[in-house]
Amino acid sequence: MKSSEITELQKAEVLIEALPYIQRFNRKIIVVKYGGSAMVDEQLKHQVIQDVVLLKLVGFKPIIVHGGGKEISRWVNKVGMEPHFVNGLRVTDEPTMEIAEMVLNKVNKSLVQLVNELGVKAVGISGKDGMLLRCEKKLSKGEDIGFVGEITKVDPQIIYDLLEKDFLPIICPIGSDEYYASYNINADDAACAIARAVNAEKLAFLTDVEGVYRDFEDKSSLISEMTVKEAQDFVNSGSLGGGMLPKLQNCIDAIENGVSRVHILDGRIAHCLLLEIFTNRGIGTAIYKDGDARYFHEEAK
Amino acid sequence: MKSSEITELQKAEVLIEALPYIQRFNRKIIVVKYGGSAMVDEQLKHQVIQDVVLLKLVGFKPIIVHGGGKEISRWVNKVGMEPHFVNGLRVTDEPTMEIAEMVLNKVNKSLVQLVNELGVKAVGISGKDGMLLRCEKKLSKGEDIGFVGEITKVDPQIIYDLLEKDFLPIICPIGSDEYYASYNINADDAACAIARAVNAEKLAFLTDVEGVYRDFEDKSSLISEMTVKEAQDFVNSGSLGGGMLPKLQNCIDAIENGVSRVHILDGRIAHCLLLEIFTNRGIGTAIYKDGDARYFHEEAK
Amino acid sequence: MKSSEITELQKAEVLIEALPYIQRFNRKIIVVKYGGSAMVDEQLKHQVIQDVVLLKLVGFKPIIVHGGGKEISRWVNKVGMEPHFVNGLRVTDEPTMEIAEMVLNKVNKSLVQLVNELGVKAVGISGKDGMLLRCEKKLSKGEDIGFVGEITKVDPQIIYDLLEKDFLPIICPIGSDEYYASYNINADDAACAIARAVNAEKLAFLTDVEGVYRDFEDKSSLISEMTVKEAQDFVNSGSLGGGMLPKLQNCIDAIENGVSRVHILDGRIAHCLLLEIFTNRGIGTAIYKDGDARYFHEEAK
Amino acid sequence: MKSSEITELQKAEVLIEALPYIQRFNRKIIVVKYGGSAMVDEQLKHQVIQDVVLLKLVGFKPIIVHGGGKEISRWVNKVGMEPHFVNGLRVTDEPTMEIAEMVLNKVNKSLVQLVNELGVKAVGISGKDGMLLRCEKKLSKGEDIGFVGEITKVDPQIIYDLLEKDFLPIICPIGSDEYYASYNINADDAACAIARAVNAEKLAFLTDVEGVYRDFEDKSSLISEMTVKEAQDFVNSGSLGGGMLPKLQNCIDAIENGVSRVHILDGRIAHCLLLEIFTNRGIGTAIYKDGDARYFHEEAK
Amino acid sequence: MKSSEITELQKAEVLIEALPYIQRFNRKIIVVKYGGSAMVDEQLKHQVIQDVVLLKLVGFKPIIVHGGGKEISRWVNKVGMEPHFVNGLRVTDEPTMEIAEMVLNKVNKSLVQLVNELGVKAVGISGKDGMLLRCEKKLSKGEDIGFVGEITKVDPQIIYDLLEKDFLPIICPIGSDEYYASYNINADDAACAIARAVNAEKLAFLTDVEGVYRDFEDKSSLISEMTVKEAQDFVNSGSLGGGMLPKLQNCIDAIENGVSRVHILDGRIAHCLLLEIFTNRGIGTAIYKDGDARYFHEEAK
Amino acid sequence: MKSSEITELQKAEVLIEALPYIQRFNRKIIVVKYGGSAMVDEQLKHQVIQDVVLLKLVGFKPIIVHGGGKEISRWVNKVGMEPHFVNGLRVTDEPTMEIAEMVLNKVNKSLVQLVNELGVKAVGISGKDGMLLRCEKKLSKGEDIGFVGEITKVDPQIIYDLLEKDFLPIICPIGSDEYYASYNINADDAACAIARAVNAEKLAFLTDVEGVYRDFEDKSSLISEMTVKEAQDFVNSGSLGGGMLPKLQNCIDAIENGVSRVHILDGRIAHCLLLEIFTNRGIGTAIYKDGDARYFHEEAK
């Protein structure tokens, strides 16, 4: 059935269905880690931005934190350099760092532009602005891989100021160390650290998977929800691998530090943010505090 | 097709479609004159309240002004009095006025309750509170019909204060004269005077007709829109009669005094407020300033 | 001696005598439970309102909480219903509740009007407005007597907002339960709960007795003051009966929860509020914290 | 009849009588030029301060401007100098100016103290503080009489700041010229200039006469009120002499520049300020705008 | 003589000398167009940033607007593209625009970093953020040279917000047109448009020349100051050429639109900003309003 | 070398050198006890005021507390009285107190004037204003020496209010006891008590000695810094005498109650305040918390 076949009355009823969700998150901060396919596919990109703008307009306080890995690689190649990885992490020498910063800021401003187009004023900043993100060198299994940063301190003042002035903050994960050298920071880490620092109500990761699988090989084993304890047990069990391990660790960390609920969403699904927030069905994997009700409506009772 | 058959994605798209309308009316005041069938039918009543609460939550500033004519008659009878009308206007002697005030305040608080139920805090006031509405005796063709008031002054401070504190104001049309006697005021007049006083963006009358007909006998002659000049010409033509004449005069008066757009809506249609505000199709009759574009999307261009 | 015989100089001296009392209660909240004869006799009514308005104008923050029992009975009869009492409490079925709410709101707005007349802006609300009073069903010795409510929660935000905006709040004791049904609440209970919630400096009950008697039969046994401990002992002694028992229990409860001083005043005495507040003689019975000085001037030393 | 013979009820009635006056001047600025006998007699002094403190506490914004002529002369003599006058004006050479400033500041702080004693926080400033009063040398009939200043500019910011912070400002009339030399300013001139600068509602001069006489020799010719036009005509008639001429000219100047009403009061009468403000009888001479009603109650109609 | 030979007392005296200049510009906005050698030479760069940080700390409100022309060319080459110029303007096709935006944002964040290092929090934005700069395509003598923008609208809200929150705004001249395409804007134009929009007190261009020469060949013909009329006459005379012509036109435009004084400074001189602002000697060429005094101290008289 | 021989560039570098100090004390309160030669010598006086004004303009919040001992003695003699001392303390009978208050207020306003001249608005208050300083009689070794006060309470509200409104407060040490009698307070004590009450960052005493000597006879034994523990040990050792003992005790007291650093400066040195604050060399004796680094730059590391 096409959207155009929906009657006006049905549309009104859809809006009314959104009422309790709008109430629930009114004036709450929602950090969206934006990355993966949703940043590459133009239509998905447009839909994510629409979702975030809607959240802003109905009274939420969304913040976008984004990466730009593929685009960085593309530009490293473009200037004739060879991307170099150690233990799956990009070795970030000074020329690479320079390109990384240029590319991330370019991506940042293009997102600002997309938000502006929808009539909401965005401000794009990096972790340098207002000294938002301080970091130190992160080693990879003891090995120096260059200007890859581990966050040591978040000063969220610039975020609060932009939110107070009704701007939508869009943040790229560049930080600086105590000598004011620039570092590339993993966007998941940055999103998690920022969500913690601003006591976000929600932290949503847009990824290229459906969510967390109990058994990655078995696509039917998708876990739709876990308490933080279950998540920690799962991590400890050692059966989780690849990129999901640090992501899940980030989720656990966020919840243990004040974020109410973390979502690992499938960014390849159109309007996945709205689907997660405005429906009770839920998509992807939700991690929440031990003792919380599984569903919002259950909580409400 | 039932609403439940709509897919989640379609729901998300419906929300996204609402984006430009939400932006357009963000922080704007919308006065809703609530009356007629929409106050009697329990389901319609619930839907109107849902609509207003949604408007509040997505950033509008709705104000409800309501009447209660039928309920007043019911109570006048209940205490063994005989309702008495002159030129179609209720003769309001002191005992009738006492009942009218009791009934209107009861209705007022029941609306407060309904809004509260949906999680938005309402405050119900009459025109006496904060000395909102001052009036003088209104004669009916020169005849004294008792405590029927004509508004002489609106002090909107209490409304601004309640809006600033994020309450939804619900107002019943009782006012007082210079000797502090109580008067019953026509709810349409009160809605119009309040909309003018607060420079409302929109004033919407919920009525029991489809809108204004060019020829009342010919239901196909519904006028979907008029400029204020066209409306005045129509009034002057003398072909308009019954209750619509003063209502349309009120509409003209509102627009000439700063309200941007006035709507005569069919309150018997479910979610008529949302349909009017969140779709471009429009329902009922819209009256707007000379020179304004006919549709919102045209304006936007 | 008539007031007109007082010289201008003497009047000036009376004003000067009020200085320390004005200072003492500057910007303090004073909750007045208004009821009894003072609500029936027109002259007394006018004097109470004058007193409260004066308190407002010289810098206090008075709040009126009122009942309306006799007027409710009158209207119950008027519509041909039979008032019904169990254990001295009105059985409040749904039709009775409907009338009670109508009458209380009518009384409420008439008080608003009287305050307005004296040039101070009042706002009349019930416990439904801003969800001020939440309650549950109160049983009478285990018996269901209908929509009689026991307060479970006070949300004083609407009161603070009205006070901040310089309005005088007038409150009638209607509340709602978790299913948003309406309940009639004892006005004494409401006044006490509100005084606690806003940390009132003073709570004054206008009653139809001189105060608390040690021996109700012996009018010379009027107790002019008690510490809260003495009051509790008196309650425990079992020698107190009738309507005074719950009232005194309310007084004790208020003081134990932050109200500084509670007064049981004789509302039949003209200007009893001013007499209590602006003179050191005191009238009626005062209950205060253990350890407080008996008189204000003693305290000041 | 002694004040103590007045009953408590009569006292309450006196307070109630003050209601309309308290309302009328709520948050209005009242400048009191304090001088003459009322500064010398200890009891009168105490009464004036009581009056001003009461005005403050019931919501007015009083400002005291005071002189100190006799005390200056006393100290000039004390240090063995000879006061010297030209055309009735003190010749103020540098040593005299030094003493004048010392004495005026001493008087200033003693008034601060008296206000403090009554529980209201006062702040004593001179025209130097916050650069309140700028002046230039004033000649006496073309003759240089030293550091006697004519006000050229008032910067009322410090007054507004002190009022906003709820202090009672007490001001002594010392100013400085463009080279930052100190000047003694006539206190009447200072009070008038300050009342104009802050748009005072009222300016009251405490003097040692009953008011303005039509014929100074005939004490029965006291003028109880004049419009500003009548006052100007009287000045122009040339029949007014002595110290009253510049005072009346100051009054006219004040009213023509925004002050609503000016009073020449007899400071020898106990509580003359309260008598003027809280009674309708009026004392002394009132000067008001042409077209204003003679009495407050007439105005109110 | 080395700085270290200056005595401590002399240092204190130098600070005291700065007093009147600090007062004069307290809380005033100063726009610094940063470019040329001062952006290339590391020491000069550091000194400019020190100057701006000092201005911030002593109470001014500096804003940096910067270009990055040479660095853009370097990167265009780096990715193997050929810079292309028409009439001296860079032809900015889409790939060039992409690089320009990347480079300008990189430069922007490196300046943010330098300011941060000195303990002042900077925020780097482009003209896209908060929709600061809107533009349209600029033709070069009728020829389309790609994404080179001409400013059509400045929305300074984001600047005011950042200044209010005590951040130092650093701005790179990227704007967007009505279709939200990105444009490169001449940094001089951007600085001028921003200075106008925020009513800057001062606009200072850091250039690679000493200032404006009456005869470019004759280095002794440096003009130290011009009124805006003299500047316009000079422009009209046709004797001015090269890059100085549009710059001077910008200066005239700025002054005619509310900027008080514009300076063309030699950015190759260490601390040229401080020299200009904190000394009366002046460096470079100053353009000011007709009728203004030539020197600050003259003005002060 | 004369100041005029310093090049403009050197001046700019001096300003740049001040950067870290300006940052460090930004918005911090600095209490300056002003007295001794620096109050007598006209040039020194001017330099102290310049220093304080500079501190104000670059963002510090200086407060001046001053005495006036020599000038009091001069005036006591002038009116033919004999100064009388017991144990080195002035016996302050009522006439002496009257003169002391006059003189201190005169001095106070002359300092206000000097600050005004430099373009910063000062407000001069005594400890009576806003009831800043409350005290009780101080005995000298058990002997009553008249109106010499010991501070019992500081109410710093008036200081905070003046600072908030951007005034520079200048305070003379007159206080009042519980009966509102006036007392002369030692200016060192007042400065110390005020610094404590406002949590000053720094308290600087301008004295007529170089600082604290380990052996007063040996001018080479000047102590440039002490921790508070070292200072206490030194006091306990009994080797300290004269006026320095109570001063050092005041310093210790201040640091133990929240002041970060106290300085005993040689007020005879030009610009001693700037030298202390804007250079790392330090002058006079600094007392600081145990554990603090000796120098600011060490701290910064």
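Per-chain residue numbering starts at 1, and chain names A, B, C, D, E and F are given in the order in which the chains are listed.
Convention: a contact is a pair of C-beta atoms (placed from the backbone, for glycine too) under 8 Å apart; a residue touches a chain by one contact, two chains touch by 3 or more.
Chain by chain, the UniProt names read as follows: A, B, C, D, E, F = Acetylglutamate kinase.
Owing to the predicted nature of the structure, the values given are computational and were not obtained by experimental measurement.
**Student:** Counting one step per pair of touching chains, how few steps separate subunit A (Acetylglutamate kinase) from subunit D (Acetylglutamate kinase)?
**Tutor:** Minimum number of steps from subunit A (Acetylglutamate kinase) to subunit D (Acetylglutamate kinase): 3.
**Student:** Using Cα averages as centroids, what's the distance between subunit E (Acetylglutamate kinase) and subunit F (Acetylglutamate kinase) in whole Å?
**Tutor:** 44
**Student:** Using CA atom averages as chain centres, what separation in Å is found between subunit A (Acetylglutamate kinase) and subunit F (Acetylglutamate kinase)?
**Tutor:** Roughly 55 Å, centre to centre.
**Student:** Taking the touch definition from the header, please name the shape of the chain graph: line, ring, star, complete or other.
**Tutor:** Shape = ring; chains linked end to end, path closes on itself.
**Student:** Could you list all chains around the ring, opening with subunit A (Acetylglutamate kinase) and heading toward subunit B (Acetylglutamate kinase) first?
**Tutor:** Traced from subunit A (Acetylglutamate kinase) through subunit B (Acetylglutamate kinase), the chains around the ring are A, B, C, D, F, E.
**Student:** Could you list, by residue number, the parts of subunit D (Acetylglutamate kinase) that touch subunit F (Acetylglutamate kinase) in their complex?
**Tutor:** Contact set of subunit D (Acetylglutamate kinase) toward subunit F (Acetylglutamate kinase): 78-80, 98, 101-103, 105-106, 108-109, 112-114, 116-117, 121-126, 128-131, 157-158, 161-162, 165, 167, 174, 176, 180, 182.
**Student:** Show me the residue ranges of subunit F (Acetylglutamate kinase) that touch subunit E (Acetylglutamate kinase) in the complex, using the header's touch definition.
**Tutor:** Going by the criterion above, the answer is residues 1, 3, 5-20, 22-23, 26, 47, 50-51, 53-54, 57-59, 118-120, 270-271, 274-275, 278-279, 281.
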